[in-house]
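Take a look at this one; I'll ask things after.
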């Protein structure tokens, strides 16, 4: 019998190793697995590479991990937002590395890894600083940069409903990066609002099929 | 009188045809959502996977799972739908959007766009979806104040700030004028009534040409 | 007001030009827009390049187009199936070109076009006849071939429900190639079983958002 | 007695652990679906976007919109779901499936697989999803009759037919034996009772080695 549900947050994040690349879902508060971030802080893994659209706000969640010195590097599209104080301090002090990736390319690079591909040719950033140092080529008169897959050791995602097979559905724009991150990591861990019976999510409406999920934990709210 | 920000947004909105799919950049372009022309179905896309962004919700209707690219609560119009980020950017990068309305630091007369970083080493740069949008939408228009607060022109011969994308901007809406980017450079289509062409040129780094049918730029009071 | 619904099949396929590359949805009978194939035969465009997983069966549908000499080339993964008699005859006589593409690469190449990318690095076919003549490269010790985007001038797809904006939902495995083909063509035409009111398809369950669809026609069954 | 086809499928099915995600190739491997071990949840994937393929439907339950990769009507198990073709092959190519059970024309002692074309110029070749599966699943096992009807061995030193993928096969189930592909070549794990090792070798082109704990290959009568 397949049952990927775990009892608590500690079990959910057990075994995440120092140095892991962690794909962190959510866009702002929507779809952000805050309970998993708190659990990862508790768990203690350090020297992490974090992938998220932003670089945390306030002093909890992703920012909490950074404030505790657990994050070596962040790969994101937009580190500065109102409230990204922890990141900005660390950045000024040279205590955190930043890899800046255009938002769609961030997502596409993770999909590339998920799909077992070796890279893709992107028109984004051509002629800009973000293309510097990247291999470039022209095809049919248009210039592209070669972008590489971005794979996670772990993905932390948030969904609305989840069943024991790991099938997930999301709510509205809380979908965002979560489905792709779940596909792109060796260990995909989901925080769901509500466990439901197998079959309760309409097969047409499963957005993340269980094959991509390794563990799920119920966290209301 | 120069237009205020809402009036710039209003003017840009007038050019949106019935049935177009549009992405609105963060800041000034987002205000376009509030002044869409009546009687047209204009479908707004948001990078985070919302197609059919509706007006801001009432205080009691806020759902924090439904936000726009600026992370403000929004609603979904009837006929709207959700996709994940990767599919949202497939839509953006694959020329499926008719239009993106973007903000800018600078636009050059060759259509170069600079809207992601001033290059100030004290601050970490942020690009967001700007570069994807700039190369991906079928057409790019920019909404911007004609000069900075200090009076420095934003319409330039060449961009001084790092580029977002080269040669992509087709039209610019400012508080003073509507300017097209043509093969021959900037062409003024409309300008506000109480400024003369020389004065407009003085606020613009690159050379301006006057459209043969130059019109008055005006907007209702907001 | 957006209303992409057309009154009849002739209007649906109007304007398809000689020489067009036509992405043809369906996998076997499931999701196959048979009425659009018949309408295209009637419409008369010739010298077509057809993209489908197979090469038609029987003497109607895709096979009907081939039998009438309208198809110059077929791009598919599996031309031989029970009943692919028309294709086999034409192939033996050298009257039709065949480009054979592995099934997942066929789909991925269309997605690549849809996503505005210039190509991707694929591990599929390395060391086989199907990699011959393709640009190859090694990344991190693994070999890949460079695959190019496959774009359609037209896509003919079949869906279950459709509204006036062109939002589509599918039924079960009839989804198959249809959503990707709808994204990858300049003109995407959908045959739907049933027109529904705008908003009737749950926003979470729209599989093809209307932005990808240009015309839709109702064909029960 | 050599196993019949259903028995070969049964033997392969015994090795499927509870909870594995498996793609079954067209032909002999498809028969595995009918002989899955009781009490295990084994999730079958089909290339055309079905995850959780169930048994064949009753005559009155056939839905032509729900078919497998061989285009036969199937059902969906509780917990199953649908994706489109591109996502289905993301699943296949991205090492998300634990296993693919495939048919073959030939398998070589280095794990090379030939299962898509005999190279006969009279017939158009067809590849389907074979190449994607062969490089994409975490592990590849093959179900095949030990020799052709004419007696030609299918387990070979090197494949004579055009390759599907190089070095991917890990285990082979035949009517006569279960054979692992190891760094040292073919290793016989099990063989049917009424054949001796020399006779098995005679039906195999490449050299066979005998596992230290060689077992009897047997299956219930079907």
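Residue numbering begins at 1 within each chain, and the chains themselves are lettered A, B, C and D in the order written.
Just so we're on the same page, contacts are C-beta pairs under 8 Å (C-beta built on N, C-alpha and C of every residue); 3 or more make two chains touch, one makes a residue touch a chain.
Here the structure is a predicted model, which is why all the values come from computation and not from measurement.
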item	value
Shared chain contacts [subunit A and subunit B, defined touch]	C
Interchain centroid distance [CA atoms averaged], subunit A/subunit D, Å	35
Computed distance of Cα centres, subunit D from subunit C, in Å	29
Chain centre separation (subunit B, subunit D; CA means) in Å	56
Set of subunit A residues in contact with two or more other chains	108, 111, 115-117, 123, 170, 172, 203-204, 207
Where subunit D touches two or more other chains, by residue	76, 82-83, 89, 93, 135-136
All pairs of touching chains, each written as two labels joined by a dash	A-B, A-C, A-D, B-C, C-D
Subunit C-facing residues of subunit D, complex	46-50, 63-67, 71, 76, 82-86, 88-89, 92-93, 117, 122-132, 135-136, 162-166
Footprint of subunit B on subunit A - complex, ascending	27-31, 55, 77-81, 87-88, 91-92, 98, 100-105, 107-108, 110-111, 123-130, 170-180, 207
Sites on subunit C touched by subunit A in the complex	108, 112, 115-123, 137, 139, 142, 144, 148, 169-170, 172, 202-205, 207
Sites on subunit A touched by subunit D in the complex	1-2, 111, 113-117, 163, 165, 167, 183, 198-199, 201, 203-204, 206, 209-212
Partner subunit A, residues of subunit D touching it in the complex	18-19, 21, 41, 43, 45, 51-52, 76, 78-83, 89-91, 93-97, 135-136
